[in-house]
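Chain lettering (A, B, C, D and E) follows the sequence in which the chains are written, and residue indices restart at 1 in each chain.
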Amino acid sequence: MLYVQGLSTHIGKIQILHSIDLHVHQGEIVSIIGANGAGKSTLLNTLAGLYFPSTGKVTLEGEVISGLPAHKVVRKGLSLVPEGRQIFSNLTVKENLLLGMYSRYYKEKNQAKDHIEMILDMFPSLKKHIDNLGGNLSGGEQQMLAIGRGLMSKPKIILLDEPSMGLAPKIVNEILEILMRIKKEMGTMIILVEQNVKAALKVADRVYVMEQGNIALHGTPEEISMNPQVKSAYLGIKMTS
Amino acid sequence: MKKAVKGRMLLALLIVFLFGIAGCGSQSTTQTDNKGKDQGKVVKIGVIVAETGPASTLGHAQANTVKLIQKELDQQGPINGTKIQLIMHDYETNDTKAVIAMDKLISEGVVAVVGATQTSTTMAILPKAVQANIPLMATAPVSTDKENVYMLAHSSSTIISQVVDYLVKHNIKKVAWLNARDAFGVIGLPAFKELAKQHDIEIVAHEEFDATASDMTVQLTNIRKKNPEAVIVWSRTPGAGIVARNFKSLGFTIPMFQSTAAANKGFIEQVQGNSDNIMVVGSKLSVVDQLPESDQKKRILAFRDAYVKEFGEEPDLFAAHAYDGIQLIIEAVKAGKTTAKDIQNFLKNELKEYPAISGTLDLTNPLKGAKADGLTLLRIENNQWKYNQ
Amino acid sequence: MANLLEVKQLTKKFGGITAVDRIDFSLEEGEVVAVIGPNGAGKTTLFNMISCFIPPTSGEVIYKGERLTGRKIFELAHLGISRTFQNLQIFNNMTVLENVMMGVHVKLKTNVFSAGFRLPTVKKNEEIAYQLALDVLEMVELKDFMYKKAGNLSYGLQKQLEFARAIVYHPQLILLDEPMAGLNDAETNRMAGYIKELKKKGCSFLFVEHKMATVMELADRIIVMDFGKKIAEGTPHEIARNEKVISAYLGEEAF
Amino acid sequence: MAKLDNVLYGHLWRPFASLMVIVLLLPLFVKSSYILTVLILIGIYSLISIGLSLLLGYAGQISLGHAAFFGIGAYVSGVLTAKYAGSPWIAMVIGIVFTWLVSYVIGMAILRLKGHFLALATMAINIIFFILILGLDEFTGGASGLVGIPSLSLFQLNLGNPLYFYFFVWFIVFVIILFSMNIIRSNIGRLLRSIHDSEIATETLGVNVAKYKVIIFSLSAVYASLAGSLYAHFISFIAPPSFYITFSILLLVMVMVGGVHSIWGAVLGTAIIMFLNEWIRYIGQTYFHISGQVEIVVYGLIIILVMMFMPKGLVDILERLWKKIKSVQIKGAEKRKMTTEKGA
Amino acid sequence: MDLVMQYLVTGLTVGSIYALMAIGFVTIYNITGILNFAQGEFAMIGALSCVSFVNLGLPMFAAIPAAIILTAIIGFAVERTVIFPVRNRSVITLIVITIGVSTFIKGLGLIIWGTSPRTLQPVMKMGPIQLLGAVINPQSLFIFLTVLLLLAVLYVFFDKTFIGSALRASEKNPRAASLMGINTSSMSALAFTLAAALGAIAGIMIAPLTDATYEMGFLIGLKGFVAMVIGGVNNISGAVVGGLLLGVIEAFSGGFISTFYSDAIAFGVLLLMLFFKPTGLFSKATGERV
């Protein structure tokens, strides 16, 4: 269980998040959608410890993780796959994956190999590139690598920031399928932030809609997709015209 | 909280600054007050040396010498009721700082200034001494026509003549010249050129190196192309020692001559085991134990022993120059002369000749420098200086 | 009306990826054109090529019949083109007034020597700059803040300030990179108002924007990009009904 | 319109006048020629640090090579007067023009670099200059230095007299401050500050940023050259070590300690560092009987502490203190007013 | 021919010293983005403390590691107390602050060791070696081998160990690295510690050739800096080649043009380099690898 209560974040003097409440249940995929600048990425970055919240509390399975720096949050079992993938372009795919389990590397050195095998099974397209530099992969492969790297720390919850950005629909589909598999096979909780509304609605168990740093709507994908406000706001189509 | 800290810091800095100005300004007065009360008359002698910075390899021993003399003076007590106070300034091998120090000394009312360690610095402070009309006891070779300058060092030609004598005696006609590219390094060659011409010696190669360089192999290789019969090096340590080592490792078998700036313990340490063909123009000070008995030996021995006792190391020629310079003024004070003008009169007209540590000084012709009788060509044997004669 | 700006076959490749692929369009005098598309569609790259921040791999940009491609960034202002930035680039340590006065630079003739000797021209220039700045600050309702440090303003006001700085010297073409990003509804409406007002005065705009409502309201014409390509062009009305556009925004109906 | 200036930039004349008063009054209290020498050197070095403040604080470009331009001024003046008996004033102008040309060419080439690499390039230029003055010993006297540089005289007034020279140097400092202040208090100064905040935005506003960087670079080089000429005539002897990188570094430290964003900071920093030097030496000698060694440690420590805790320099703190005092005064005055009213 | 050979040997000798220094620069620069002007001072401390340890009676094989460890500790302390708190400030501030550190350490060196040059006896006591008409100092050979060895060790460390890849990751993308659980601030400390150790090795290696003084840091630091720029700022093997190249340029320009202007020529080459290829000669060829 991830509980977020009254979370606010300032960047500089500007308040980006206004007292956000949300939660993720065990084995759930939660999507967060919203316009550019609604604060979705800031929310994920705050959860991951890249920003410190000004107020509010985040607990993961009962443990408080808000206020910890990023490298400690990972150890508590929360992994963020950042926007724009952010893979280490100067490292090989294998090194990238290994760094994903940095927080437990020294404890579980022996299992590293099995772990990598497991991830590669999930992302077969990475297998043939295992010794290539991350920077030489295609966009889709880089996204797979980023997700795979995020899973290497065996997180309780994984946060994905716009995984479909700039990818062809076919690849987006593949990624969505992988998310379903992660949910099913590993039982990892997932928070998915997306611009691609349809994709986000497709896989989610529940959806939050953000607007100007607030949670504007909350419900099942069906409820959300039926909401006329959403249609006009995110499709730019005034239903009346 | 943060602001309060900053405020306090600023306050501290301001106080520091104010004290600074006050301190700099009032130094002379406070000191005169302190000393004046119990000892009557005070004569101040200024010393400007490079205790730190690149020229400190020479200036360090000079600074020690000053400390030694001050200690002796304090033990002796006042001379003829006059207390002598040495005021030393470290100019950090920075000419501008030397000029500031000179001004400071003059405004403190010194009767003479001894220094500076380097030739260029001496030239920088010289106009101030002339202007204030106080004697400048130059411890580095200078060329000037100003009459209140007393050159205690050996002129370059006095030093180089030691080498030339050797060359003539051994019939060496082709010589390579190598010098450091600093103020000391460049003054040797003109003097040598003149003497070489007189004795028909050919300078087949001339190379220079940066005073802080770490390898002179290229210069020595260039020299080897010209097949000289001897190499003369004009440089301070550590450059002097590095050349000697490169010289040995390149397999040269011809003699190498080094200047007085290499006649110190540091050089010996540097060239351990690489000293076969090296001869150094040095002071008799370095080999005083090996000298035949004489008044000169006694004088030098007294200075050396006192120095060794105080600092646990041997003094060098530059220390001797500083020693001589200060002793001359002390002589004058002993004769009851306590103003800059009287001291100059005394030196030129009464003392005339003075047997100094570094060689006899002809004070009627003070710009000639010390005579060659204090110098000798040294060899190195078992990491010790060896008297050659 | 004559074409103010023409973009011809503009292409940019980064490594193996084609970020912008043979884009063609033109902008008439007095027209407001919007470029839209999903994240990563190449809008910013296109924008940066037009404003000479990065050189195109091929193709060119023509402004008033002259080739713009290959010029230095600072020359654009002298031609009457100004721009704003997606992530604000205001001068944080200067006052609001000074920020706007900076925008007048192209109209001033002060050089280091006339400034150093404080020749009469300097004074005159300062007055010109001050007057122009005052006018614009009044228009964008920032006059009350003119002696405040720009860095201390709220985000919305900073956006307004950057806009003011871009228009103070009366440019002909104004390039806006997401002018509404991060603004609330009231601020968005205000900004839209300024754009409309300037359009009346004959200014042309080219802008990239995500907020569809604003785009629909402001733009005369919309260009839609996806994967570096232009997939549609037309009036807001046409675009709103374009199947390709809808699918690009919603994700292909592939699953 | 003068009002507009004050509104935009604050008062100019108040600090200017205070500094002037200090400079005029100091000689009344300073009896020793040593302090006078230090004050003259502060004036000379201030010229360079003012230029560096323009370059570093306003245009945002670092230089670790200004000792070279200082040297060009000194050597042009020195060589032309000592070797060719030229007029010192003409030599000074030649030095300035020559420095302008050299620095403009250098600036065009190296100001494309940024940060560390610009620092390195300017250092390289300083070293090359240093080797050149050593090498061209026929003209420059090489390593043994150049002797016999005459002191200046102005309309029968012998500036060899330190007191006259003191006033002369500080007069020039004031002229340079005024000139620099005028630049800062114009749209040129504004654009320099804007370069500092956002180079890219400044460029889009139609400013040829590269050109202005080069102009400020050569302007600061010219200030340094002028300082060099004055230095040569004051000390009457110049030798290469005075123009090495170590001096460039010292200048940089002066500007940073004083406060890089203000011309007053540059002057303040120069004065502080010069006196600090003398002060550490004095304390060390008087109370601890050590010389030289400690100075450099304390010096390094001060650089570190100032950079860590007062990155805007001393002038920033002075300004804040001034504001505080003022606000306290105003409050005090109000209080007094209130009590008197009560009393009445 | 002998001549050319001798210049080459001298150039490589001096160049390997520069290379040693450059390696330290590159290490810090790549991980923290700081050019550490105090790098030369680490060499000074390494060399002089090694001399002191030997004088205290420690055998050479113990004195050298002791000196390296001491210097590494100082490097660590410098990073924690001075560099880390200001790491996000402007480049100019960082330049001045490392200059301050350099001045401070130099002053400490002066107080502790005085001004006279100290000699360190070479590890290998043997006569000069003749090779194709050129004379090679055995210590030079030793330095050369050390450079090669360090290159290999650092290659393994950065490219083959886990901590090495963590270092490279934090260099490339500190934000993402922290998302992996890497404490990027400790990586910066590690970089300084490592660079200080490398500096100490450089100092100890060259002390038998040039003697150690408290002032030795500045010039070799500067030359190492130049070597780094010539070779490419983000790659260790490039920096080594840059160092060797710089040494060879100096030696040949000294031999065939003028020893007087060889330094000026070296810095002239640096300027040309900065104008035309500021990323260094080899930065492209080996990609982004450290």
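Everything that follows uses one rule, which is that a residue touches a chain if its C-beta (ideal position, glycine included) is under 8 Å from a C-beta of that chain, and two chains touch if they have at least 3 such contacts.
These numbers were taken from a predicted model, which means no experiment stands behind them.
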Note: chains that touch subunit D and subunit E both are B
When B-E and B-D are ranked by contacting C-beta pairs, first comes B-D
Outermost chain relative to subunit E, judged by CA means, is C
Most remote chain w.r.t. Subunit B, using mean C-alpha positions, is A
Distance between the CA centroids of subunit A and subunit B (whole Å) is 75
Cα centroid separation, subunit B vs subunit D, in Å, comes to 35
In whole angstrom, the CA-centroid distance of subunit A from subunit C equals 33
Cα centroid separation, subunit A vs subunit E, in Å, comes to 43
In subunit B, the residues touching two or more other chains are 51-53, 181
So subunit E residues touching two or more other chains come to 110, 260, 263
A full list of chain pairs that touch reads A-C, A-E, B-D, B-E, C-D, D-E
Seen from subunit A, its contact residues with subunit C in the complex are 13-14, 35-37, 139, 162, 164-166, 168-170, 172-173, 176, 195-199, 202, 212, 232-238, 241
Counting only contacts in the complex, subunit D reaches subunit C at residues 1, 4-5, 7-8, 179-180, 182-183, 186-191, 193-194, 196-198, 200-209, 215-216, 219
The residues of subunit E that touch subunit D in their complex are 35, 82, 85-86, 89, 91-93, 95-97, 99-108, 110-111, 222, 225-226, 229, 260-261, 263-264, 267-268, 270-271, 274-275, 278
In their shared complex, subunit A is touched by residues of subunit C numbered 17, 38-41, 152, 154-155, 178, 181-182, 184, 210-213, 215-216, 227, 237, 240, 246, 249-255
Subunit B partner, complex, touching residues on subunit D are 29-38, 41, 134, 137, 142-145, 147, 235-239, 241-242, 272, 275-279, 281-283, 286, 291-293, 295-296, 309-310, 314, 317-318, 320-321, 324
